[in-house]
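Let me begin by handing over the structure; questions about it come next.
Naming follows writing order (A, B and C), and every chain is counted from residue 1.
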Amino acid sequence: MRLANISKSFGATRAVDDVSLELHAGEIVGLVGENGAGKTTLMRIVAGELEPDRGTVLAPAPIGFVHQHFVLVNAFTIAENLALVGATASEIELPDESRLVADLSIGEKAKLELMKAISRKPSLLILDEPTSVLTPAEAAELFAVMRRLAANGTIVVFISHKIPEVLEVATRVVVMRGGKIVAEGGTAEEIVREASGVRRPRRRSDSAGMAGAPRITAIVGVAGNGQAELAAKLRREAKGVVAAIPEDRTRDGLIAEMTIAENLALRTSVPAEQLIANYNIKASGPNQKAGSLSGGNQQKVLLARELSINPNVIVASEPTRGLDAEATRFVHDRLRDAAARGAEVYLITSDLDEAFTLGDTIQVIYRGRLSQPLSPEEAAEQAPRLMAGL
Amino acid sequence: MILLAITAATPLLLAVLGETIVQRSGIINLGIEAMMLTAAMTAVLFAQGSHSAAIGVLGGIAGAAAAGALFGFFAIELHADQIVTGVAANLLALGATGFVYREMEQSAVFVRAVPRLRVDVIVPLAWIVLPIALALVLWRTMFGLRLRACGENPEAVERVRLYRWSALGIESVLTGIAGAHLALMLSSGFAENMVAGRGFIALSIVIFGRWKFKGAILGTALFGIAAAAQYALQAMNRGIEFHLLLALPYVATLLILCGIAGRVRAPEALGR
Amino acid sequence: MTRAIVAVAAALALVALAGWLFGHSPIDLLTILLGGSLDETILKAIPLLLTGLTIAVAFRAGVWNIGGEGQFIAGALAAFVAARFGLAAALAASVIAGAAWASIASLLRWWRNAPEVLTTILLNFIAINVLGWCVNGPLQESSARYPQTDAVSIALPQIGDVHAGVVLAAAVAVVAWWLLYHTREGLRLRATGFNPAAAKFAGVNVEAQIFRAMAVSGGCAGLAGGIELLGVTHRLFERFAAGYGYSGIAVALLAQLHPLGTVVSAFFFGALATGAGELQRSANISATVATLIQAVVIFTMILFGRRERA
């Protein structure tokens, strides 16, 4: 499979940025990177589900794609789901194919998806985060299948952000960040650093880190380790006025069809004009539809809404994802101001740099569990290792 | 008496069978009323024009197909809201057929007696032949499997539109026959708004029957018998409580929607 | 606004064409259709305004309330029964009854995930049959000759040749507009309709908004029924609702779900209904042309904006 200079944008966001890649039969390629790095988009282009804006794709046929979100019919049996795609007997099996998919465990559903994908004897098999729902035993089984397929000449691409597993089974590791391929191979720590964009840990000046003063707690981790649940828990258990910046901006963020003023008025009584001025939001006026703003400005509106209610607690998830440098700095400044005014700020991010910049305390989240609180200096040493689960 | 009730409920059953298939493919078609009403009128027009009831039935199918095509264009192709489209289709059929009827009221088409089938083959067709045939198609063929998958998880199927249009096509044939039966066999021609809500009743029975054909037959039979009993009671001048009796099917359906009388599971992707 | 005008023009053009095909003069047809008496137009517009608001408020919150017919009947029944306690009581009862009838559907939706599309329609049929039972049984007129009730003892005061319901309905429309667009709760309701997930994140209690929307929606339809009873028909009979609930859909869509627009839209459809009646009387063209026009208007509006809902 050969990709040459593939680029793809969704609106203003550059999802894949001039990617070239060559894969050969028998390889098991681990494609690694954080959320939004472009891995899934790239593979969807390979599989023909998306058209690239630029570049050429040379891919073998047929292609099997096991998606992250199952495409199964819950009301049908295993056999019927297989029949739906014309799958005949395959080398992996599930017992009792007359069971309804709705009654299967998640691991069995994943296996069924795999069966569907390999039933067509694919020359290229793409697996998108296949182990996120598997037990270690099931994952091992999957890796055995992957090795068998690769031995028979199939190209296997394995998208994941579970670095140890990738290292276990992949013959080659490709790291993506911000739509580009940034590295290949390396140790676990190096991979994590490349994926999250840290060149070297930055030293912070101790200007605001006095003991006892209100703190910014940065919770850092590779995406998919329980951040959403943690955010929800923090929001639920917080006392007083809670402000939240959601991780999924399009689903939970601003309401695109309503104006800036309306979105603001949902929570705050501060006049829209004032907030637009204070937060330097580039808009034609308070009556502009929120959906027509750029990502950075939307985030500013969100921030303005949440911070202007004088919250006691702020839970900010990936607040600067997709923002340019200026907007990022802006958000950071505002969060610091809020903390200085006495709010408890929780910053959940996968960007180590950001964690170092803002966090008075840093904790690493891995598989839903938090590490000990670390000072920035300690974190500089230990975080990459902890994030990789080592 | 039961036989009479069954015969009278035949158009209803055909509508229920058709709507069951369509809903199994993931579409809510509130416009069954429109399809039946249009079919009733076109059946009469074709039958009178050709002096043949059989042609009339074909005409009914054509009329239902026209209404179905309109609905399908908006609901399947344009992804318009299925509820609003269905209601609009009903209004359109009501208005159009009423208008045409008035205009041609005096003409021979609506004054002369309509040709009838010598033997009412539609009744056994609807109650025996079609349910068996359709059940075989829906549950024993690849086509049926994919059609049902459209109603559960359309993402798992390629060419969803094809299956949904096919379902709509089958429904058009069934409701076409229903409208023809209503106008040519049960009544003696067309009358304004003669479908009188059977379409919505059919919707309830689809749910009552849990989107299966056996349930469709049972539900329609029960409803038909209850309706016939109403007339019998009315004749005996015990006319009060039957209004509440008429409300029972709807209350029962409400309860079923709540999962009270057993688990009810609609096709997962219904309306999407 | 342009969409609405095009929709109306298209509908009228279609009807004129149909009339011409059958030998009528399109000009005459349109003149009669649009030239009905003002009083009758207003009388017909009043319930349409309220049932239009029924649809508009519910759609704005993202829920389907197709139960206007049933809520209309519930309101009228309640007004009839409460009439002995005076006009204010009767009107209040009609609002409460309509809201309650609609709330059955929202309760079933919340409690058992029963789709409100279907439950509201089923409740329509139940209400129609309850009405049938009432006018044939317990509430039947003393002479027991027809399936209808006695005349109700009170009535809405007259303003010229129309009844005071016109003031009430217009007031409701203005209040609805104010609440939807100038209060925070109205904002929250609209947010719920646009994007429930984002609204929830912003602290809106989505379920409560939906309940409230359905109740207000039903209350409007109930009021329409009460007003129709106390101002126009003065007695209940079978087929009392006569499609007002469903006509509300066309009214609301033409107004693009805006409460003030509903006033104009209802006036237009009221004029249509009046004209259609006249058309039937004088030119023997079926009054169902009004329904035809409703349908074409809805289809045209759908054509213009696929996600027309809220």
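Note that in this section contacts are C-beta pairs under 8 Å (C-beta built on N, C-alpha and C of every residue); 3 or more make two chains touch, one makes a residue touch a chain.
Note that the structure is a prediction, hence the values are computed from the model and not measured.
Visitor: What are the two chains with the most C-beta pairs touching?
Guide: Answer by contact count: the chains B-C.
Visitor: Starting from the Cα centroid of chain C, hunt down the chain whose centroid lies farthest away.
Guide: The most distant chain relative to chain C turns out to be A.
Visitor: Averaging over Cα atoms per chain, report the distance between chain A and chain B in Å.
Guide: Chain centroid spacing, chain A to chain B, equals 49 Å.
Visitor: Between chain B and chain C, what is the separation of their C-alpha centroids in Å?
Guide: The mean C-alpha positions of chain B and chain C differ by 27 Å.
Visitor: For the complex, which residues does chain A have touching chain C?
Guide: My answer: residues 244, 246, 251-258, 262-263, 265-267, 305.
Visitor: Over in the complex, which chain B residues touch chain C? Could you list them?
Guide: That would be residues 28, 74, 78-81, 83-85, 87-92, 94-103, 192, 197, 200-201, 203-204, 207, 239-241, 243-244, 246-247, 250-251, 253-254, 257-260, 266, 271 of chain B.
Visitor: Using the touch definition up top, name the residues of chain C that touch chain B in the complex.
Guide: 18, 22, 64, 66, 108, 111-112, 114-115, 117-119, 121-123, 125-126, 129-130, 132-133, 136-137, 246, 249-250, 253, 280, 284-296, 298-299, 302-303, 306-309
Visitor: Which part of chain C faces chain A closely enough to touch in the complex?
Guide: Residues 184, 187-188, 190-191, 194-195, 197-204.
Visitor: Provide the residue numbers of chain B that touch chain A in the complex, in ascending order.
Guide: 142, 145-146, 148-149, 152-153, 155-157, 265, 267-268
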